[in-house]
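In the two complexes that follow, chain A is the common piece, with chain B as its partner first and chain C second.
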Partner chain A sequence: MEWDWNFVREIMPTLIQGVKITILATVLGSILAAIVGLAIALARRSPNRALSRSVGWFAEFIRGTPLLVQLYFIFYVLPDIGILLPPLVAGVIGLGLHYGTYTAEVYRAGIDNVPRGQWEAAKACNLSGRHTWTHIILPQAIPPMIPALANYFIAMFKETPLLSAITVLELMNQAKSVANTYYRYIEPMTLVGAFFLVISLCSVVLLRWLEHRYGRIER
Partner chain B sequence: MKKLAILAGVAGLAVITMLLASGAKSADDAKLDQLKGQGFARVAIANEPPYTAVAADGKVSGAAPDVAREIFKRLGVNDIVASISEYGAMIPGLQAGRFDVVTAGLFMKPERCAAVAYSEPVLCDAEAMLVKKGNPKGFKSYEDIAKDTSATIGAPGGGTEEKLALNAGVPRDRVIVVPDGQSGLKMVQDGRIDAYSLPVLSINDLIKKANDPNLEVIAPVQGAPVYCDGAAFKKGDEALRDAYDVELAKMKKSGEFAKIIEPYGFSAKAAMSTTREKLCAAK
Partner chain C sequence: MTQWSGYLGLILQGALVTIELTLMGSVLALVMAFLAGMGRVSRFFIVRALATIYIEFFRGTSIFVQLFWAYFVLPFAGLSLTPLQAGVLALGLNVGAYAAEVVRGAILSVGREQYEACTALNLGRWQGMRHVILPQALLVMLPTFGNNAIELLKATSVVSLISLADLTFQAQVVRSQTGSTLMPFVSVLVIYFGLALIISWGIRSLERRMARGLDGVRA
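The block that comes next holds the complex of A and B.
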């Protein structure tokens, strides 16, 4: 079995279609994960015991089950109760929820890192709970956690091939369908690896920059 | 002195060629010997009843593996061990040496014949489509799906139906790759796809198990030919294939072949009335 550059040229447009979907799924999934993570982190700190307990249990549940199983559940089981999501939407929700439970821990660490004095100062200034969060705590908590969040988003990017199981035509699925047609795996799979590597490496450079820019905690 | 060296060289070459030739010869027989030695043959299946099926307890059945099991027994290989694979992954898997043979209803088509060594025909079937009751979009052929710009069709990845749909002009983004029969059925029920295409007997099996009055089968699909599968061997294992063919021919003659496949709904006559040559040459 040898490498065929003509074949590579032939399948490239198909794979690039897949790359677009992969990136789209990652970006949308990251946005959702960032929002879900914040919501979970805030809910777990809520003074309302019932809320913090149930959200905490929910997050443990999601974190303790495989993403692939969750995707199957969202895609094949939810239609039974009338929720019919298109493949990409189902995939983004799966990724966003799953990674949201991890990013919640990042938020928690970031919020815990804000010195106690800041809370007390906010109280002393008679700021409302809402104002304390939006003007004092979160602006100080979020910048140091940007690199850690970005790390999870890169990890999520590498999980997107799982979406091929729910018929999303992303990079892995495109490569599989190419392999199915030509009975050749070496070029499509190598290219999938190469695409992921190139995008990951670029993201790592961006991550380094983010670390440099936001990573230091100013006291 | 120089002449002598050349002569020695030629003689050496001749010996090497002979060794290589005999090596190749014994490699052919070696394949069967190796299978006999390990006591089983690895086959690729798809879990698509009635072609291939895996019971809840893991027992492999279905028409194609049953025929293969019997033939391998006659060849002195006691059992078959099956692994479930996607249709598209079968031929690459065979080439990579992951299986010894594919017995999965992998229909003979010229491009597949070029990639593997097929046995003589085993199972023949036409194509069908599963749609909602009353066939709301009025499909009769794959071309009808190509024409309706909102219609989507599900098919197994790398399967014959996927290629038929693509060849009929259905664009790639409307041919949904469905991992297995149960998912395909579910996707039609949920309205994710308008039609799900498989061979007639597979669709009938699926709808019988589902027992859903809101579904309907269109069979046969117009314009799609009747295909036959064969056991597919790796190129280079032709000796094993030939031995397989001999036993298959004997079983076809004695009627044992019909006895195995007809309970599954396949026609032995259809398989016996055609040949590998004809099917591999067909367009």
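The block that comes next holds the complex of A and C.
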């Protein structure tokens, strides 16, 4: 079987539909992962031992198990206890939770890197706990970790094809469905691969720039 | 209750396939990691270029796409693979690309004076690599290799989508046969987590064992 450009032109609109969903899932998943990660990182530093321990174990468990099974879990088990989610929402929650446990480590490292003196200065200025976090610690901790966070968002982007397993009509699922309709696998599969390759090569450039822009802490 | 044990047997069978895939994939990944990682620090431009292309390609496209490509597109090129072969190939090549960067980083992290000492002792490039550089670099690689192996274990779940009867696949079988969702997915998640714990424990003890006698060498 040979490469057929006419076929490529024919299936392009369908694939582009899938690309939109892929990008949507990545963006929403990244936002959720950024929030979940921060929440986990803060919970693990909480003085309440029970909270920090259980959150720590939960994060460890999520990180040690495959995203695909977690997606199945959200998609199949939750409806049984009365939570019915549309596939895309289930997928975004799965991506966000899974990568949230990774970004939590990035936040942890970022927060640990804020010098001790800043905490002491905040205390000396009589700032409350919340104000210390929002005005002193986080503004200094977050910029240096932007490249590492972006790295995980790119990794998440490459995992979005898994959403096809829970019937989200993203790029991979569209490609599979056209492939099954016409029984031609070469073009759709190769195009999906090429799409991911192009985006990740571009993201390498973006990462370099981010590292250059935010990687160092200005003093 | 007898029924439940029968289904548990099914899931354990899946666990065996998952373990088999993880082991074989890890071996291929290890071989590729050393080939490509050492290729990247080669003297010859062409070797460096080939290694870079391999690494960028396999890190750039997602494991899912590579697996589907290996399973559905390669047969059209005249190379038919069983699901197990396609799974091992895709997993090994993908994780190998990530691990190759670890190998490169570890080799470069060995101090300059060690290379100079090799020259002073009149060791050839290969001899120096074999007796001086690699024994030190290996210790640096190990922890990250452990993470890579866990990533590989988690990635094996995608092979269920090309009809290989691994842990995730069996969970789906049990789900569709019993209609119960919580039991299969929770037991599968626990098994994956247990395997991940075993890997990290194994790597830690290997690390302790290899660090023996290197106390004075590494800072």
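Note that the second predicted complex is superposed on the first by the 218 of 219 C-alpha atoms of A that agree within 3 Å, B and C clash if a C-alpha of one lies under 4 Å from a C-alpha of the other, contacts with A are read in each partner's own complex, and residues count from 1 in each chain.
Keep this in mind: a contact is a pair of C-beta atoms (placed from the backbone, for glycine too) under 8 Å apart; a residue touches a chain by one contact, two chains touch by 3 or more.
Keep in mind the model is a prediction, meaning the values are calculated, not measured.
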Partner chain(s) touched by A:Pro115 [first = chain B, second = chain C, both, neither]: neither
Chain A residues touched - chain C or chain B, whichever exceeds: C
First (chain B), second (chain C), both or neither touched by A:Gly129: neither
Touched partner set for A:Tyr183, first chain B, second chain C, both or neither: first
Which superposed partner A:Leu201 touches (first chain B, second chain C, both, neither): second
Which superposed partner A:Pro139 touches (first chain B, second chain C, both, neither): neither
First, second, both or neither for A:Phe61, with chain B first and chain C second: second
Touched partner set for A:Leu162, first chain B, second chain C, both or neither: second
Touched partner set for A:Val69, first chain B, second chain C, both or neither: second
Overlap of chain C and chain B interfaces on chain A (superposed complexes): 1, 76, 165, 176, 179, 185
Chain A - residues contacting chain C, complex: 1, 61, 64-70, 72-73, 76-77, 80, 158-162, 165, 172, 176, 179, 185-186, 189-190, 192-193, 196-197, 200-201, 204
Chain A residues touching chain B - in the complex, by the definition given at the top: 1, 14, 76, 79, 84, 87, 165, 167, 169, 173, 176-177, 179-181, 183-185
Complex contacts: residues of chain B adjacent to chain A: 86-89, 91-92, 95-96, 115, 157-158, 162-163, 172-173, 176-179, 183, 186, 189-192
Chain A-touching residues of chain C, taken from the complex the two chains share: 56-57, 59-66, 68-69, 72-73, 76, 150, 153-158, 160-161, 167-168, 171-172, 175, 181-182, 185-186, 188-189, 192-193, 196-197
